[in-house]
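So, here's a batch of structures to check.
Below, chain A partners chain B and then partners chain C, in two separate complexes.
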Partner chain A sequence: MPEADVVLEVRDLAKHYPVRRGVVLKRQIGEVKAVDGVSLTLRKGRTLGLVGESGSGKSTLAKVLVGVEKPTRGQILVDGRDVTDVGRAERRALRRTIQMVFQDPYTSLNPRMSIGEIVGEAFAIHPDMAPAGDRGKAVRELLDRVGLNPDHVHRYPHQFSGGQRQRIGIARALAVRPRILLCDEPVSALDVSIQGQVINLLEELQDDLGLSYLFIAHDLSVVRHIADEVAVMYLGRVVESGTDDEVYERPHHPYTRALMSAVPVPDPTRRDDGLEIMLEGDVPSPLDPPTGCHFHTRCWLAPLIEGSVDAERPDGRPVPAVCRNDRPKLAPQESPDHHAACHFAADVARR
Partner chain B sequence: MSDPSVSALIAEETDTGLPPRSLWAEAFRSLRRRPDVILATVVAAFFLLVALFPFLFTRKDPQRCDIADARIPPQWFGGAHPFGTNAYGCDVLAQLVHATRPSLLLAVIVVSVSVLIGVTLGTVSGYYLGWVDAVISRVVEVFLVIPLLLAAILLLSLFRNVDLGSSQLATIAQPAIVLTMFAWMGYTRYVRASVLEAKNLDYVTAARVLGASDLRIMVRHVLPNAIGTVTALIPTAIAAVISYEAVLAFLGIGVRPPAVSWGIMIEEGAQWFTGGSRYLLYFPLGCLMATVLSFVVIGDNLRDALDPKLK
Partner chain C sequence: MTDQVPATTTPLLEVEDLAVEFTTPDGVVRAVDGLSYSVTPGRTMAIVGESGSGKSVSSLAVMGLLQMPPARIVRGLIRFKGEDLLGLGPARHRAVCGEHVAMVFQDALASLNPVHTVGWQLTEALRARRGLSRRDAGKQAVELLDLVQVPHATQRVKEYPHQFSGGMRQRVMIAMALALDPEVLIADEPTTALDVTVQAQIMRLLGEIQAERQMGLVLITHDMGVVANVADDVTVMYAGRAVEQASVFDVYAAPAHPYTRALLRSIPRLDQKGAGLAVIPGRPPDPTSVPDGCPFHPRCERAEDICRVDPPPPSIPLPYDRTAACHFAEEVMNDARG
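This part shows the complex of A and B:
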């Protein structure tokens, strides 16, 4: 199964946060299943887009992958080697393989450090990356690389705009010459006009340096533009994955279908063409997720399945018992790389 | 690298940016415009000068007293004793001048040592949480519920027979230790709260993703942003220590004679207040109040100026 060009593989990864109550004797009263059994594959030089609503566990997944949080369960494989539970020295080496770009360019840069110090910190932490005398030069090269004026090394973050700050964040991540870059909503805090510039920069860097991206976003059009493959998350689980064309054009999960129908069409004459699927209610609490298929409480398809009067959901509409009781597996659809986790995946495409 | 028009756009954006102005420079600018702050700074600076160079203000030795000259009323600038003499015939001006140093030195020592303790414990406690935090927080609470005056009176009277010598530091050592013991908790709490807030910021996570050590994260990323609130507390804390020293000296357990402090002078002067020599109380009390008030004014305004929420 491990192919030669797979750089990052995640198998059944889970991160549960215990919820405790009590001051002295802390009792565990439950757990938040932020990430609950996610499997992903990232290939060399490719971009995997990860989409989902707020609270679907995208950012937690990123934190687990960069080693800031420890996974509750599952495996992380980098170049086919299990790095889920490595020692300090190996973790250190791993930090040079996987780096991260953060969402908010305003909180992700220390306001009291100059740009040179922020980007150069990687060399202070990993002294063998650049000899002491060459660090200034290396920092200037990095700034030039991300499209900033190298003469600005002594400036402070507040003197830069949002887009420029995000470039600084990218330069910081690139300092250790990583092969995998996790981008946690890198453009969602930026103006639309600036978003394009940053996306183009990321694509250029990918071509020049052969980087692999795990690109987290909730903006579907941005993901479609940059990603080769897409995975859709709902309540800590991947509900559908495949190439961007497969997922966008032929969604096989009712949730994906609803998401895609919400993408605005920039053409008034075509506005009424597709039917827009309205999902009702909020994402259920990950503290107490629905049984069976996590999506059955909001699914638009389940009540339409014929002969499905055997169970009822909170809003009174009938759902098939199988949706309530059994967790659907990510099963291959028409092509072997296109997976969807729905008991009635075939029906989604037909409707 | 990329498209030249994009680079030009970027260059333009930064070059028109405002010159850098830090939080401190901003605070300093707003403080400079306030007359009460200027007045308070002048008063505080004057007493600092007196403490550092007492011989500039008097040539008399405060310890050379002649009982024959007892209780001479103030002669102002005409006579040998401008502020008069006390019950033992010592020159009041000389005593006042030489009492400034122990009072201020004690305050500076107590505040700097307790800030150091508070910053260290607060950072460790807020950063690591878990049992370290539980232990430190409980100790803080224990020290907070003990009334300072009761503890100080008890401890200082227990050890009043211990002789540490008669150097300047030895005379203030005991009150310094006791006051420090009960002054560090506030800083610990403030720093712990700021560290809790700062340690989950994205740039701290970014440093952790890069592989920065705990020490590096604390010193480079967390502390510089947590220390601002503490610096604003320092002038007010100095004022508080000066007045506590006076209280302890008044009770006879603070700075020890033969060293003089304003508290000791107040205590001695109070006995003659109704006996016709009111100036013996007025002079040291006036100095104490002027110093405390000026430090409080500076501290209050500094805190407001450094608080970004009040802008």
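This part shows the complex of A and C:
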């Protein structure tokens, strides 16, 4: 694919938070590497799904991308231009390119503003988007666009259901005609029958407006449905990325495999397929992540590698020294676009 | 979770034609309307529904935990081993449940007391009801945490809820529920707030404990994937009513209610990359104004004139010992069988 198609690129992005102790003399006693060297590429008209469990850093990444948090290191490129350290004016202009749709449609809308005001607020900040006289009309068009009744502009958020509120959130994001939407768990607060409606709306908008989505979710099935490319995060790092078929059908990282197998398949006749790889324990604390490969403490593959008697992990099972000592690089697998960060990626595919 | 238990086993818990109303400023809301189900030892009944379907209210009614008023049990029976709990009066009702029926809630952080150690909370019931000494209670707390596979139990009983991760907290909740060795466990969305890898661990743990103790399990959830994995029987709820009841295999193989069918079609699946998700149009009814006739008719693709006027009988019997509340249940089921 030609590089011209790339609308958003993230290079080695990191966000570290200092951890301080003490009241008066605040000593820094460590840092949380919430995002720890992440690289991503989003192409025009495509959807990049970002999956991971709590603590994987996916929401922090979103915050850095929209400029709410400053990155500790790395670059963000929009249309090939480095926007990591832009000033206020440019940051404002940038917001026209990237907009965000939030998870919780109950807390992300101001309860004291009518939906007309919520959606039209963007025009007050970016007056050239719609001439003053046409703003009412523009708002009504946006509401219609997302499947809401334009006559409801004077209603308040509490008069709408969760699914409708999420549509309001989408209309607000679309007001400045962005090209990139950053969707942070946009359907996880919704009932199943409503989720589908919102996902279908997002897909429709993408086709009609040529939008690019960075779609952050913990629900792997939803991401499978909507994404063209997928990146899997674990403790601040991308452990696998590729097209959605590559990642879902031929996972090359043991974490991806385990994650996929933990998703219950809605078919009772398949419950005894024996596909499930159990991961023991919780995700380790990002304050004190394991050395080497972050996943080695829970990895199901590491103890099975021959000759992995070098060291023991907390549960007493052996781990190859390389997993414990060296951070694995995101390396290309069978196809050049499919990357996995595992010293034994080939073994994952074989088993 | 197994089929080894003969079907003739007497039910532990029976709910019959339960109806619950709430008085609200907007009028009287019927949250549950004619729900019946039963649970036998070692089996799992899944109650499935979206928000507002009445699935949680019905379990609070079973436990005797509804605030009355504004809630009111309009009619129905709740029996534990044949004994009518509603006839006992609220205090005795709660006492029987406290002893034999336990409940696990979704939000473990909100359900645990932040100012007491986990060990203290685990054994509160044991000290109050069994009169255990501090020392014996302490030992029990460690055993309970061991049972739910919390590592370093001896240390962790001395810690506070905020020192536990989400998954570990939910294990503590389960341990607490098991303290008095209940015969029935009602789990209300026990894994909804958890990551999938942790969810898998918790569901497996629940299954093991259930099989070992031959508990009856009532699993309240919105997740059709979890249901497919652990349930024996399924009750699908919509607008306070049980719209379909059948064995888990029958429900997934051939749903007999259009709502169940639509729900199953609308789930995005990991093993299928489809184009365009099937969608249920509209949204669940506002409980203060449930549509006339069949409450699902405005969203139903099979609806005819009769559905707009006549509510379907609450449980139309179908082959294979299953029921559905739809005028066209038999046809819908046969369609699905192809």
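The rule we apply is simple: the second predicted complex is superposed on the first by the 348 of 351 C-alpha atoms of A that agree within 3 Å, B and C clash if a C-alpha of one lies under 4 Å from a C-alpha of the other, contacts with A are read in each partner's own complex, and residues count from 1 in each chain.
Here, a contact is a pair of C-beta atoms (placed from the backbone, for glycine too) under 8 Å apart; a residue touches a chain by one contact, two chains touch by 3 or more.
Please read all numbers here as calculations on a predicted model, not as lab measurements.
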### Message
By the touch definition at the top of the document, which applies to A:I125: first (chain B), second (chain C), both, or neither?
### Response
first
### Query
Which holds for A:F102: it touches chain B only (first), chain C only (second), both, or neither?
first
### Query
Is A:V232 touching the first partner chain B, the second partner chain C, both, or neither of them?
neither
### Partner chain in contact with A:V68 - chain B first, chain C second, else both or neither
first
### Message
In the overlaid three-chain picture, which partner chain does A:S161 touch, first (chain B) or second (chain C), both, or neither?
### Response
both
### Message
Tell me the contact category for A:L174 with respect to chain B and chain C: first, second, both or neither.
### Response
neither
### Message
Which partner chains sit in contact with A:G147 here, chain B, chain C, both or neither? Use first/second/both/neither.
### Response
first
### Query
For A:L8, is the partner it touches chain B (first), chain C (second), both, or none of the two (neither)?
neither
### Query
Is A:P264 touching the first partner chain B, the second partner chain C, both, or neither of them?
second
## Note on the structure
Overlap of chain B and chain C contacts on chain A, residues 161, 163, 197, 200
#### Entry: Footprint of chain A on chain B - complex, ascending
1-2, 6-7, 10-11, 13-14, 17-18, 20, 201-203, 205-213, 216, 220-221, 224-225
#### Entry: Residue ranges of chain A in contact with chain B within the complex
63, 66-68, 91-92, 95, 99-100, 102-104, 107-113, 121-122, 125-126, 144-149, 152, 155-156, 158-161, 163-164, 169, 172, 175-176, 197, 200-201, 204
### Summary
chain A partner, complex, touching residues on chain C are 50-51, 151, 165-168, 195-201, 203-204, 222-231, 248-249, 252-253, 262-264, 266-271, 273-274, 276-281, 283-284
### Task
Provide the residue numbers of chain A that touch chain C in the complex, in ascending order.
53-54, 161-163, 191-197, 199-200, 203, 218-222, 224-225, 244-245, 248, 258-260, 262-271, 276, 278-283
